[in-house]
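When the chains are written out, they are named A, B, C and D in that same order, and each has its own residue count from 1.
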Amino acid sequence: MTDLTPTMFDDAVARVRAEVASLHAELVRYGLVVWTGGNVSGRVRRGDDPRADLFVIKPSGVSYDDLAPENMILCDLDGDVVAGTPGSDRAPSSDTAAHAYVYRNMPEVGGVVHTHSTFAVAWAARGEEIPCVITAMADEFGGPIPVGPFAIIGDDSIGRGIVDTLSGHRSRAVLMQNHGPFTIGSSAKDAVKAAVMVEDVARTVHLARQAGELIPIPQDAIDKLYDRYQNVYGQTTDDRR
Amino acid sequence: MTDLTPTMFDDAVARVRAEVASLHAELVRYGLVVWTGGNVSGRVRRGDDPRADLFVIKPSGVSYDDLAPENMILCDLDGDVVAGTPGSDRAPSSDTAAHAYVYRNMPEVGGVVHTHSTFAVAWAARGEEIPCVITAMADEFGGPIPVGPFAIIGDDSIGRGIVDTLSGHRSRAVLMQNHGPFTIGSSAKDAVKAAVMVEDVARTVHLARQAGELIPIPQDAIDKLYDRYQNVYGQTTDDRR
Amino acid sequence: MTDLTPTMFDDAVARVRAEVASLHAELVRYGLVVWTGGNVSGRVRRGDDPRADLFVIKPSGVSYDDLAPENMILCDLDGDVVAGTPGSDRAPSSDTAAHAYVYRNMPEVGGVVHTHSTFAVAWAARGEEIPCVITAMADEFGGPIPVGPFAIIGDDSIGRGIVDTLSGHRSRAVLMQNHGPFTIGSSAKDAVKAAVMVEDVARTVHLARQAGELIPIPQDAIDKLYDRYQNVYGQTTDDRR
Amino acid sequence: MTDLTPTMFDDAVARVRAEVASLHAELVRYGLVVWTGGNVSGRVRRGDDPRADLFVIKPSGVSYDDLAPENMILCDLDGDVVAGTPGSDRAPSSDTAAHAYVYRNMPEVGGVVHTHSTFAVAWAARGEEIPCVITAMADEFGGPIPVGPFAIIGDDSIGRGIVDTLSGHRSRAVLMQNHGPFTIGSSAKDAVKAAVMVEDVARTVHLARQAGELIPIPQDAIDKLYDRYQNVYGQTTDDRR
């Protein structure tokens, strides 16, 4: 990839603004958020040096009914708002620093999502990873969903906890202890899919275990399912996750 | 604040009527009410003396599909309907006395909400406070959600139970024993947000605890989270809660 | 009441057809039914002799999307379709005999509803009555929700089980063992309200009890709440239940 | 049945395409699927030899918002896409081989559905059949919902597990261990109904058993209920299931 021309870059920003704005509706559709909670961001790639990339994120404390592309906020990878761009007069999501940390340290990540979805938070409140006992989970996450450290907002500790937990892990989702799930993906849409799926498996495995002993899936079956799903499912590479 | 002129006061009443009418839709959207249950009210400030304020509340036993601004009912702080105003030919919510008691005794309160939302009532039926084990709860309520006394409708005992429990407490929500949640806020919208969030945390903590031991959040982390959220979150002071 | 003239009776039939057709949407709205399950009926009073009354009920196995007034079916109190009336070419609900038995034996009943709503059926599968531990339940049902006998379709045993259980009982809802809830009311709307409320309390009390000891409500408080709600709540007598 | 003329066959394909496309909306309506999960297929009968039949299935990894008749994919009973037909440029559902195996080996089956619906998967993760303790389950499935073997995607083992479990069984639903429910029916719609009902009974029986001892239904009552429902319910043979 060579660096984008200014026009191509403007188009890329516009595309990510539209994508991030509309993806918030998926959080609502799947019941992952209430009120103004939760946030989606998407990376805008600029060229060869990922440190020059930007990302688009939702404003803080704004109703899901009012999320249009022009309200989204453009930030650099230090989490600072890019002055003079649409939306730059508003404060970005209070989780912006955590998103920025992830983009800075994981150049392959194209999207980040955070929610307080019910069942994922329930596992997080016990600091317990979700065991891989259903094939859909093997497909999507390739094993258990790990727990990240307890960290509170205000410095880089949330971002660092996400990156430390997910680096080298198959899972695109981490349950930050006492807090909730953060998910990453190749794009904002892929990270939203992971957010939807982590709540789905958190709910299903919670209910399954309440009623009796779970049957584990053998590791080699998990490996085969994960491998197939990453390479065969869907119409294109993008659908595969 | 000096006293409002009559025109300014009429405008204020109209604004609160519209706000209270439309906020009932949020109770439906978040599944906090069934049939005609639940009610929202909002204070109309008149000037320097809060005892002269009025409040707007929903009529009793009317379908959520029929709640227009002109159907809302204007009451004084004794809970009596203001004669000759729109809606004054109908009976106000049967919880009007409790709302009035709160407005009379907590001049800083701008809105009150009552629902029978499922998980909050479940904690109330056991008379058990909700422990603060998730960061969203520390943000929003600054600690556990307290339980109020058993009190039945017919005199001031519900209102007194709410005021006694919430005075000096960080929480804007109280679980009245065997009954359900009442929430207060700086405005009707803020009280509705608290009603949405109390059900969300009641559900999440219920589910978390069913499956094993909860990890407590250290008190100093709770304090930091609460302080930050009250002062930094959102676009304006009003979004902060 | 003197006997209706033929025109007045036709009008009454048309009113109940429209009411019964539209009330099915409330079963869907509150998630009480899936596919074509569940049914609502409403009595059409004819005059002094309740044995001459008719009732309107939904056709068997028809999608909730296709329930218009002219599809509703008019039956006499033996459960036989009134020949030559709109909809009479179709089979009525397979629960028609149970509805007819109730109308025949409880002249004060104006509406009957049956669903397989999840939590009410869960109590029914254990044959366990729902204890009265929340004030909304005291308001609406005046005590516990009773269980009726195991009875299968094909004769009058379901109808008889409903009537035997609810006669002289404050509750308008009965949980037929291994089957599900039937509710009665002064009108079809009132019976639908009872169906909505019985699922609401079945869910809330189930969840409450899962997590610990329930606090009972003293009998005299139950009596006061029930009495007040039947006589004071709402705008008219009809809203009171 | 004699063989269809080419025109009649084209009409039959068009009808099944439209039916299969629109039935996916029922999976969404009843909350049985998230994201692009789940799939419905329907057989197109060709004439006397069922081995010449085809079936219509959804494309892989495509949003439920984009499922139009022309996007559906026509396959033969080996699971191969019929070249040159609408949609044949896309990959069919990754569960196509399992559907094909069922159609090849159960000529009476007109529709197949697969979902990861929450409560059915929860039973599957424990490898536990759902006991028949509610009359709606006796009506619809005639007894318990059986569990099929653990089998992973890639050969015929899923299809064989479905066929081996359901052949000669009253139930139209099987819970594939660690995976989820597959349902069959006389038509695609009938299989969707079974998918809706299996989740409904999986949820209800799960909740019922969590709170105490279940009351079994005597076998002769199950037999009578099943027999009546298959022969009397609904307006036509098709509604009966």
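Just so it is clear, a contact is a pair of C-beta atoms (placed from the backbone, for glycine too) under 8 Å apart; a residue touches a chain by one contact, two chains touch by 3 or more.
These numbers come from a predicted model, not from an experiment.
Chain centres were defined as the mean of their Cα atoms; on that basis the chain farthest from subunit D turns out to be B. Summary of the copy comparison: rotating subunit A onto subunit D for the best CA superposition needs 90 degrees, to the nearest 5. Taking each chain's centre as the mean of its C-alpha atoms, subunit B lies 33 Å from subunit C. Annotation: 47 Å between the Cα-based centres of subunit B and subunit D. Taken residue by residue, subunit C touches two or more other chains at 210, whereas all remaining positions touch fewer.
Across the interface of their complex, subunit C is touched by residues 34-37, 59-62, 90-91, 94, 116, 118-119, 121-128, 150, 152-154, 177-180, 206, 209-210 of subunit B.
Residue ranges on subunit A touching subunit D, taken from their complex, read 30, 133-136, 193, 196-197, 200, 203-205, 207-208, 210-215, 217, 221, 224-225, 228, 232-235, 239-240.
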